[in-house]
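Notes follow the structure.
Labels run A, B, C and D following the written order; every chain starts at residue 1.
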Amino acid sequence: MWMIRAFLPGVWLLCLLLGLALMAQAQEETGQGQALLESLDSPSYDAKAEAIEAIIVSGDERSRRWLDELLGGKLQRHKDTGRFVIVLENRGRNWPVIDALTLEDAGEMSRRDLDGIGINNALRGQLQSALAMLDLYTDDVDDRRDAARELLGSVDAPMVEPLGEVIANEDDAEVRRLLDQALAIHRLDEGDIDAIAELAGSLNSRVRAALNSATRSDDPLVADAASAALADIEQKLRLNSGLETLYFGLSLGSVLVLAAIGLAITFGVMGVINMAHGELIMLGAYTTWAMQQLLPGQPGLALVLSIPAGFLVAALAGIAIERSVIQFLKGRPLETLLATFGVSLILQQLVRTVISPQNRTVVSPDWMSGSLMINEGLSLTLNRLFVLGFALVVFACLMLVMRRTRLGLEVRAVTQNRAMARSMGIRATRVDIMTFALGSGVAGLAGVALSQLTNVGPNLGQNYIIDSFMVVVFGGVGNLWGTLVAGLSLGVINQVLEPWAGAVLAKIIVLVFIILFIQKRPRGLFPQKGRAAEG
Amino acid sequence: MIPSNVYRTPRWLAVSLLSAAVATPVLAQEDPIKVGILHSLSGTMAISETVLKDTVEMLIEQQNAEGGLLGRQLEAVVVDPASDWPLFAEKARELLAQEEVDVIFGNWTSVSRKSVLPVVEELNGLLFYPVQYEGEESSENVFYTGAAPNQQAIPAVNYLMNNVGVERWVLAGTDYVYPRTTNKILDAYLKSHGVADEDIMISYTPFGHSDWQNIVSDIKEFGSQGKKTAVVSTINGDANVPFYRELGNQGINAADIPVVAFSVGEEELTGIDTAPLVGHLAAWNYFMSVDTDENYDFIDAWIEYTGDDMAVTNDPMEAHYIGFNMWTEAVKKAGTTDVDAVKDAIIGVTVPNLTGGYAAMMPNHHITKPVLIGEIQDNGQFSIVWETPSTVAGDAWSDYLEGSRDLISDWRKPMECGNYNVVEGSCGGSEAEVE
Amino acid sequence: MWLMQPFNEGATRLFLGVLLACLALVTVLHLAVPAGHPLHVSAYTVTLLGKYLSYALLAVAVDLVWGYLGILSLGHGAFFALGGYAMGMYLMRQIGDRGTYGDPILPDFMVFLNWDSLPWYWLGFDMPWFAFLMVILVPGALALVFGFLAFRSRVTGVYLSIITQAMTFALMLAFFRNEMGFGGNNGLTDFRELLGFDLRTDATRLGLFIATGVALAMGYVLCRAIVTSKLGRVSVACRDAEARTRFLGYRVERFQLFVFVVSAMLAGVAGALYVPQVGIINPSEFSPILSIEIVLWVALGGRGTLYGAVIGALLVNYAKTVFTGVMPDAWLFALGGMFVLVTVFLPRGVAGLLGYLQGLRFQGQRFNRDRNETQSRDISKEASA
Amino acid sequence: MSFLSSLADRDHVFDFLVPATSPVDVRHGPILYLEDVSVSFDGFKAIDDLNLTIDDGELRCIIGPNGAGKTTMMDIITGKTRPDTGSVWFGSRHNLLAMNEPEIASLGIGRKFQKPTVFEALSVFENLELAMAADKRILPTLTARMTGEVRDRIEEVLETIGLEELRNGPAGILSHGQKQWLEIGMLLMQRPRLLLIDEPVAGMTEQEMERTAELLTGLAGKGKQSVVVVEHDMGFVRSIARTVTVLHQGSVLAEGSMDQVAHDPRVIEVYLGADPDEEAA
């Protein structure tokens, strides 16, 4: 959704509508296009604004393309020839371009010979609302809705009438509602007190913005009515913010769970303290990056593919660690801690030297960016929603593996009584490898998910290792459910505390809480009871 | 390792000629001039600092290609302080006392500079510090080639106030001294321009903060009060990716609530999917997209040096470029690498910067810089939307802070004082007793 | 007198001899041998060695709890840092009005963060005796509270390690906050003088170096005295068979607490000696990573021998200095590799190796055995947990 | 129990730790007295309404199939496990349920574990030294000196358990049987009034068993220690036992002389109608 603050001169708008009408029978003249673009290429932004209007009224069918490219900063001009081109790919030193007039391929041009036609946020706003107006006439309902939503708060006098017509011909109720609100906001700005009645109860942030500014109106009646309406809205919002905090908490929790669940297996079930766990997460994240490098332009597909890939890579790395280090330290968990710490140092520096010390870009596919609108006031960010779901799925799968599969059975057998299990023909070593691979693989999955939330860089792992241990210990070592509950609850606690304690303090409080909790229940939330548990 | 290549183009020559009297290419029989490089190559700061190390190495290579300095070759002495602050002090001591380098280019974080400062002063070394910082410091032995607050923060805020019409301000930063000081200065500055208290929201977050949900939604709420709102971000490197992602996903975009960042440059953007960020702002003294020949030459040199076609340049790199040239200039001027001689010689030295102007070393060991405001583009570059008509001289002591308002710094004889109090007319504090 | 006990041991006498000899040697080489001479020890090296020695003391403290009490503390960096901060606060107060802003009382960072007066917890730190007392008391108090809680509820093994880690992590975050009034991320720096000695003179550096050496010697003797006393044997008993020790009528948690507190105090002293030599104290000293590294020094040197801890600390840190200089891009490989190799192939660390070479097998074997003992116990704990 | 009160409580004990030689009041008969004791783990009743009385100086053997609750009973007496209901008295003065392990131990109740646990890192001598009845607070322990009297005592015990020549070797290298003895020796060092011994002869050779038998019978006696032995090996039990108690499903099934017990139908039935000896073997 786009919010506009550009105030379009009325003249221009009339021309715009005129232009829309004319567009059909507009005549193509070669000179005209060049001239239009010439006028765009001027140092002053006002001149540019006029040029944009000119382009729209020209009714030239390339204008839509031009405006889009201008918006994307891809409409550029060759310094020497003065030729206007559209840049297709603007990374690297030489850029592939097409001619802006003929729209035919114009080969490659050196970055340094090209002059971009810069725009600023004001122009960007102007362009967007212009395009929005155009979009109101498209056939796709969703586009029209978005367009209508964009117009909220950016309607001014000359637009009223044409919008009225639009509403009249609009068959989609939602679009009509939005446009009505847009007009109401406009009327409110004009000081029309009745508009408030129409806006009352809407949770839309731009409506609230309008009402807020209305409270500062010099007409006391309007001011009071506005604040009354606002108070009513705030009431509605309170529930929202409660839900929002809960969602924040859960999503943070899901991240913790993802990061910790692998550890819950290697550490909890096998009793192996793997300080390189964080780096396994990192590997998963880098796999996602690599995938996106392999499949340029298809971030979504790459992401999906990197789920198995990430698992595999991390699992293999895990096996390597298990074989090369951990197996020699069987039954010496504290030594394992130290050795794997060494491994983590090596892995980090490896990434730094082999790939780069800089963070890597991981693109979010469209279906993961933006947010899911529950109501006008509450929307859930998609990427976190996906991660939350992903975490639960991973957890469920793990439960299945541990509970239902042969591997799970063998793992439990081996961890409870190695010798016995051996004598029953279970190949303990193999089980160790498998278990460790599983745990590491899950860490890889966490990495894939995290790549959608945070940096993909050499330090990624370090930022999560401690939290992971906290979660596992808090939940009770060796208990997957514990890890889930612990992760989610810690997440929620943190987010509930944050607003009044601040991010740092909230984290500290949570840590202290964990410490004290461990004093009360030395074996975590869900300890294993009975004589076995006696040290 | 990076392919080292002797490289030179007519343009490049032109630049060096601007700065250099014709460098007489003498074979260096004398032992080389040692240039210390003190940038973290591991640990958390490696992300930002490694490129700076490479930059200096490249500059040294180019200098040597032109016959070195005073007929002697330059030799880089690289150490890794590993993002560990005490280690910075130790390594600085190693460079100065053991390796006996003639100059040090290094440091990124304020704390690392603070940790090195006493060492450099004690052993009377030269340190060129290339990163924008909080000011409130002026050392006889340190040259600040990065921006002081008045060369970045204030102009950026001016731009938002006057050109964008912002009325409400969110000052978001990582909880350390640079954001704290900057925000303090801005807070004072905004209030002095009639911004009400309730129209300013300040929030601090820990290093590497990755969960921005709450804060971003607060910002959103803060912005929905019917006044144009902007975020002034002094958020430190690593925390930016999740921050911008959250912004994008919660639907806050530039046309709506613009974010102007002081520590997000091209280097940081390489780690971010910039599509949702288009239009957000950054204030620097240099952008890779600057359209000058010097810049294109520098970029090409850099690309060839790193052998990476996608390699980017950024503001601190330019700062090193300027600092290095200033130092070579001063050495030529003084005819020696002796620290005291160079210290005197360098004040007033003027070299071209990459943005088509010149940078001069001020008596307070800060330099003149243009201030550019750029909007993020989808290709991880900035399109420059505004710049100061002329260059701005760096202020060691902010005019907007209690206590430092009356302080000035002037290292020329006879004053030679880093914090001269114009009211009391005395030179207070540390540098007083450093002879 | 139990404190004299260690002097009857050949090993301790040897250790002290070597240590003091080194101190003397360095002093001589620094003062007597002219600069430029290949044998001259520069002030830089002296300070460096001083730093190593303070680390060595820290390592001894860790070995006391880990080696003899079986408590793997991943939070000893916290005690070290607290001691360091106590010293740092004293040094800050010593700056007086020579700070940038020339404020006679407030440190610079407080001035420009608009503190109008000194927070209560800074009071008294202008008096050396008070500050030095705090160097010991503050870490001691933290250890007392933390240990009391942990040991009384019988938190053991990995759980204890993890919550010690949580402790130091929480402290790190806390000290990063500028509101705390400890200078936030910048920490405390720009120190001038200690007890009237200018910190920027080589003489003072040498002095600090020697002081650290002596402190190490005393700390070593103290620990040695503890471990050779009956209490030391009880500690080992707690480590190897906690339940048994209880049934013999020892209040295990009290012994653990006692040793833990002593160790924390030693760590504090180490921190206090460390700060004036490196010239800065900052929250990153609290970082859990550092604490893990300390444990690694001990592991590498050889756990449960004390002198092994010293060797480990010196070795690792020397290696660090060398590597960061020689192979800046790759030193982490070397360090990490070293940790892996030692823990895997040299389970008893360098000391174990030495012991073996010198045929002092008894120490070694007994140690190796009870190591496995403890480990198997640890594992059973985790398995059962 | 709340943090503060526990703190207070601890201090209270810390001030004057009950000395090991505190008089145990046995004028009114029994030295150990369990009444209606029950405890359950996760619903499983390990001890079910158990009543047991041990007289001063008595040597009592306790037998019973696996899971009869023998070890749990020991845990309760030594304070390791807290019963859900019931009362446990040491003499007629000390309520054991109100004390923790060290306090109970210092009252003069010594326990030997099923699996021999000695301090393997320490020498045999040191093991005994630690076990010796002494002031076991921190500072006294820190400054404790090896007096001649102490040494004699240790030597004496070393002799009793026949480990003189191994005195300086680490306990870790001892054989299983030797460890068993060492542990018993450690109990002796405590000068306990009551010895709880869990399976003393498990994994011992015939001769070792005999020696152990002598050792134990030698210990018990009026005014000396009372001894409670839990054992599987019926042969051994028969060789030392005067009174035998049969535990079953957490409560006393039968009590009496070995022969009585061995022919008690219920006992036989519990042991699957088999002769107890075979069952155990």
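General remarks:
To be clear about the criterion, a contact is a pair of C-beta atoms (placed from the backbone, for glycine too) under 8 Å apart; a residue touches a chain by one contact, two chains touch by 3 or more.
If you want to know which protein each chain is, UniProt gives these names: B = Urea transport system substrate-binding protein; D = Urea transport system ATP-binding protein.
This structure is a prediction, so every number in the text was calculated from the model and none was measured.
Ranking C-D and B-C by contacting C-beta pairs places B-C first. Centroid distances built from C-alpha atoms place B farthest away from chain D.
Here the CA centre of chain B is 75 Å from the CA centre of chain D. Remark: chain A and chain D have CA centroids separated by 65 Å (rounded to whole angstrom). Distance from the chain C centre to the chain D centre is 43 Å, each centre being the mean of its Cα atoms.
One finds 37 Å separating the Cα centroids of chain B and chain C.
The set of chain C residues touching two or more other chains comprises 152, 173, 176-177, 243, 329, 332. Annotation for chain D: residues 80 touch two or more other chains. Under the contact definition stated at the top, the residues of chain A that touch 2 or more other chains are 348-349, 504, 507, 534.
Within the complex, the chain B residues that touch chain C are 41-42, 78-82, 84-87, 89-91, 93-94, 97-98, 109-111, 114-115, 117-119, 122, 136-137, 175-177, 180-181, 184, 204, 206-207, 401-404, 418-419, 421, 428-430, 432-433. Residue ranges of chain C in contact with chain D, taken from their complex: 2, 152, 226, 229-231, 233-234, 236-237, 239-241, 243-252, 254-255, 258, 362, 365-367, 369-370, 373. Within the complex, the chain A residues that touch chain B are 1-5, 72-73, 90-93, 111-112, 115-116, 118-122, 124-125, 128, 205-206, 208-214, 216, 244-245, 248, 251-252, 255, 348-349, 352, 357-364, 369-371, 379, 381-384, 453-459, 463, 494-495, 498-499, 502-504, 507. By the touch criterion stated above, chain C contacts chain A in their complex at residues 72, 146, 149-150, 152-159, 161-163, 165-167, 169-170, 173-174, 176-177, 242-243, 288-289, 292, 295-296, 299, 329-330, 332-333, 335-340, 343-344, 347, 371-372, 375-385.
Those residues of chain C that touch chain B in the complex are listed here as 42-44, 47-48, 51, 97-103, 109, 111-114, 173, 176-178, 184-187, 189-191, 200, 278-280, 282, 284, 321, 324-325, 328-329, 331-332.
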